[in-house]
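Below are two complexes that have subunit A in common, paired first with subunit B and then with subunit C.
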Partner chain A sequence: MLKNQAAPYPTSSQPQRRRQISDRTLSQLFIWPTLILLIAINIVPLFYSLFLSFTNFSAIANKPAEFVGFANFTRIFNDEDIWGYFALTGRYALISVGLQTVIGFGLALLLRKKFRGSGILTTLILIPMMLSPVVVGLFWKLMFNPSYGIFNYLIGLTNPATAPDWLANSQTALWAVIIVDVWMWSPFVMLLCLSGLSAIPDYLYEAAAIDRASPWFQFWRITLPQVAPLLLIAVLFRTIEAFKAFDLVMGLTGGGPGDATQMISVEIYSQAFLGQFRTGRASALAYVVLVIIIAVSNVYIRTLNKVREG
Partner chain B sequence: MATIELQQVEKKFGEVYAVKPMDLTIRDGEFLVLLGPSGCGKTTTLRMISGLEAVTAGRILLNGRDVTWAHPSDRDIAFVFQFFALYPHLSARQNIAFPLQAQGESRQTIDRRIKEVSQLLRIEHLLHLRPGALSGGDQQRVALARALVRRPAAFLMDEPLGALDAEFRESMRAEIKRLHLDQHATSVYVTHDQIEAMAMGDRIVVMSSAVVQQVGTPAEVYHNPRSLFVARFIGSPGMNLIPGDYADGMVNLPGGNCYPVPPIWQRSLHNQMARAGRIILGFRPEAAQISSDGPLHAEVYAADLHGSYNMLHLSLDGKDILHARASRQEHFPIGTKLRFDLHPEWVRFFNADTELAYDCEVAS
Partner chain C sequence: MKQTRVFTLLAILCLLVSVNLVGAQDGITELTILWAEWDPANYLQQIGNEYEAETGIKVNVIQEPWGSFYDRMAVEWAAQGDAYDMVVGDSQWIGQAVEQGHYLDLTDFMVSNGIDKTVTPATLQYYGEYPAGSGKYYAYPTEGDAVGWAYRKDLFEDPQNMADFEAKYGYPLAPPETWAQLRDIAEFLTRPDEGIYGVGVYTQKDYDGMVMGFQNVFFSWGADWFRDGQVLGVVNSPEAVEALEFYKGLYQFAPPGTGNAFFAEMNDVFISGQAAMIMNYFAFFPALINPGVNPYAEVTGFFPGPKGPNGDQFVSLGGQGLSVISYISPERQEASKEFIKWFAQEEVQKRWAAVGGYTCNINVLESEEFLTNTPYNAAFADSMTFVKDFWNIPQFGELLEPAQTYLTGYVVGGEGTAQEAMDNIAEAHQEILVDAGVIDG
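What follows is the complex of A and B.
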């Protein structure tokens, strides 16, 4: 397939025509390198993993993939642990995205009016989302450390003997991951909300002041509906990302303690690259997650369209 | 309803005056028009009355109550914006309901009032639409309905027809005037269009460069402009203004013209100015009467047929152009030399230095 599609451009380069490349050829010259890369590292693995999900292939076993029908999917749907990981991921996504929405929107409301240094403050707030998640995971691991970490100190638990070890306790580990995720991604929600807020024309508030609307009424009837489309986009992005949470979790807890933070992506990783290297089953699980994310996104996009049209 | 009183109200942006200290009383039920070129401070004045703009000095009284520092929502005043300022995410009905809901009115009251105003403004069939789906005229009707629905003490309108097409503008002008006559609410209306101002206002406040030039009925500002600015600004075309020299009851004008001051003006001018000096003669195009024994002579520079009359562009000395109305039956080829007289009661004189009008004791 690759070879056939890549063929046109070497053949079209006949000696006379070489000096005058047609627009069509030129555009193809620009498009194909990118397209080839995309096909090689995105499309091919996508279909290859779809194929693998119906086999018992293992990356370390030295034997060819064997077709097993829907066996991988049946196992996944009958595995209570995996259902638990789905539930955990869902709960994580719900709490984390919920907090990010509230905090991000709140920050945007505070930073909406320009004041001295508000530009610098906004930039500073945006720094967390520019960092690499693995790096964030690693340095928060240090900050969460019960004996020398700064986190407990900051929230007032200054006695190392009684202060919680956030990452080692199965009750608090999920919350630790949520705290870091909220710290890292609230700025993203804030950024989108801020651009939404700045797009609301002043005259709407003037009209509302003339119409004798209280600040509370103005917020619910003007600010919120006007920001809603961008807010929903932020929530959509964050929900998809939260469902795929992996790098941050790996950096912080690696899924532990026990399976307290075993998000579904971490589970896929464990299936694929730990123990028996169950590549086939991991592929099947990845496809289940893909279908769920597409379904959830669809719900959001429909809501978004409804908000836009009213 | 309401009287609005401005006492020495001024607005400065930095060191620049947007409105120099002004006094103005808007009577109960009056339709007052603030008229002036853009940047003259008329919109700022309106916004100060509404409370959307804070004054830098002076007091604003609403029905005798000092509202200078009251929030717009505490003034019981409706404001119609130039670009409508409808809530884009709400339907026409929700837009109109907004001020009532903000006051926590009951459902029945809201439904009843919306029905009343939408009948009045003939927008019942549009209530389910959002502003984006409405034409400019209909958007302005919805904006008017939103202002009317809460029965405010006074209406402030900031060039409400400015954003409309010419054809809509005339019909909406009539509609707003009818509404005013029905409701009899105190209204302040800002426009830069002097025809609109003449057509709608009970009184007109002419402003320029942050200063009130004249306050008066449309007839007053048209016939008795207090200054050269008002004389030029009101009317289309404006008043003809010819600089000349006054001496012994005669005004010497360009092109060797000599105009004898009408008897009713003799004494007034004599009392108000020196025996001789510079003066500006003013008259409206319709004050010119073409007659073979008129004291003034001029050459036709151009002639436009305006349907019911001819507008002649005349030149006294080959330079300054005057406008004069002539009957549409007569034909005036370019270059025709003609003589004309001025209707003595419609002639005005202005001080060439102060640019203010001289009073006519007999006329006033």
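What follows is the complex of A and C.
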């Protein structure tokens, strides 16, 4: 054996050193740094912002936070504009996630059967969800431009003088944001549905075929129930994300024109920053949104469990 | 062997400490200035390099993108940090910075050195003084700026256009002197079939773009944000409503796709040949005379903001003043003042203007050399005598938000009427100002 070659077995001192660290200590050595990090960057700010939501604190006011009780929450619940922004966000989430579900599931059904080039096609379809939302917002802004953007041209509106300015019209701005969101995130739904579809055992379809079940019957009784758990997970993720819609909206419309696309996250940003720095009120609004998201998620999870239980 | 290593380490440590002490004894060797990320900050760095050559004190101009410029400074203020010795801060910040003690009082320094007399009164008032009319100064007017206009001379001087325009409107086609003329020209030059539109105006919703554009009309119509302790009836006065209707009227002659446009988009539509006239801050005009950037550079002309129906002429103020952060050490404060004193000299201001900075120095602004240095300097010097600003009190951000929302809602989104938009702004401003104790309820 060469002098510098590693010994194949522990030397006499090594087992002793290992015995000094118990499994329990070792596991804690792995867990605690992560826990401390999580507590420091997640839990502490979470509780700190909860505290701030009961104060009139402003991050730039150079004054200590003053306790104001439920004043911030009262103001939020009595503000008609805020309710309007919640309704707008709900409408956006409903339409956007609905379209993503239909399109994503449809794409997954189309790409389910392998064909020549299906791999590269799947990869190409997935590209939008890999892009930065800010970048997506900026280039869709160009595509929506009535003078030189390609969008109006593609839908047959070739005269810039009469073509709609999607982002500058209160009636169309929300739809413009929805179109971009659907373009970007339908592939995500497709991806989850594809994995669900690929997990359906072939014998179910073979048995259905022997029983002369129609394609519609097979879809309704086999495909959909089998994919439903993953589809619901996709819908859950997308709904949560839709409620937090911010970067895409800022990149496309900045919340305008007027407040036509002022989603609740944009409103939180506007109150927390943009020269206002109403940190306390923005924290309170963020908690209201958090509670709503948790409530919606809970409904989804209960439904998911019911679907799983069959 | 071990002892030798310890001694060597100690010797290095002593050397480092002594070098540091020598540096400290020499006094301040470096000054740091925070500014937004744009060309004037590069020009200031050039001037700062000259200061270093003269005094040995290095000047670092730190640039922060416009979008996060205020946030970065605000967070630094809240922490009472001393990362920056000076800031070239926006005119609207001064109220907050003074009331919360972030800016050093420069009154005695500026008055005793005669610096206050070297700059135009309007720039001293809007960039340096707080509260207005108090005679207390907190900033040296550094980068004067205002909203001006660029236009396509080839379109204005085209014989066919000139003849057609005069036949239609009854007066010659020339750079407008009134808003009514500007509207006529915008209408005349709007030719969607040729891809040309009459005018580009600010409409951006995010921060203050819409307000900065609309104010040019608003003030020139005789309207204001506040008068005689009143907001209601002032912000939504008949003149204000008429001004808003006029601004919306102008927007119909704007290139499609400019519903959320500010300075970058204005230059874009001009350079791409889509707009015959654009409003923009003078600070963004250098790109328009650069043939490498603007294919119409040779045929681009400039004019100041036109007059309103009663002859009032105002333009929105841009630009910034140089302030000293109060949280730095007294030595650094003195060194910062020395830099301002040096920078305020007429010779330095001439160089500042020559490299591209928009000086506020009276003599330099009036000099023939400055007025003819660029095609837009004359319009700039003219504009700086009738600038007017939005609120500069600490609540300016809160006041901006409803103004931006209701103005873009009406002008761009077509929501409601001008009267409703101005009524909503007036009510929101009233509530904010009463809450803040600025006005009585």
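One rule holds for everything that comes next: the second predicted complex is superposed on the first by the 272 of 310 C-alpha atoms of A that agree within 3 Å, B and C clash if a C-alpha of one lies under 4 Å from a C-alpha of the other, contacts with A are read in each partner's own complex, and residues count from 1 in each chain.
As a working rule, contacts are C-beta pairs under 8 Å (C-beta built on N, C-alpha and C of every residue); 3 or more make two chains touch, one makes a residue touch a chain.
None of these values were measured; they are calculated from a predicted model.
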### Task
Please tell me, clash or fit, for subunit B and subunit C sharing subunit A in the overlay.
fit
### Message
Contact-wise, after the overlay, does A:276 reach subunit B, subunit C, both or neither (first, second, both, neither)?
### Response
second
### Query
What is the contact status of A:62 with respect to subunit B (first) and subunit C (second): first, second, both, or neither?
second
### Query
Which partner reaches more residues of subunit A, subunit B or subunit C?
C
### Query
Given the touch rule stated above, what does A:217 touch, subunit B (first), subunit C (second), both, or neither?
first
### Message
Quick check on the superposed pair: does A:125 touch subunit B, subunit C, both, or neither? Answer first, second, both or neither.
### Response
neither
## Note on the structure
Overlaying both structures gives a minimum C-alpha distance between subunit B and subunit C, in Å, of 51
### Message
Applying the document's contact rule, which stretches of subunit C touch subunit A when the two form their complex?
### Response
70-71, 74-75, 77-78, 80, 96, 100-102, 192-193, 195, 203-207, 255-260, 274, 396-398, 400-401, 405-406, 408-415
## Note on the structure
The subunit A residues in contact with subunit B across the complex are 203-204, 206-214, 217, 221-222, 225-226, 310
### Query
Tell me, which parts of subunit B touch subunit A in their complex?
50-52, 71-73, 77-79, 81, 83, 85-87, 89-91, 98-99, 101-103, 130, 146, 150
#### Entry: Contact footprint of subunit C on subunit A as seen in their complex
59-62, 144-149, 159-161, 163, 165, 167-170, 173, 250, 253-260, 262, 270, 273-278
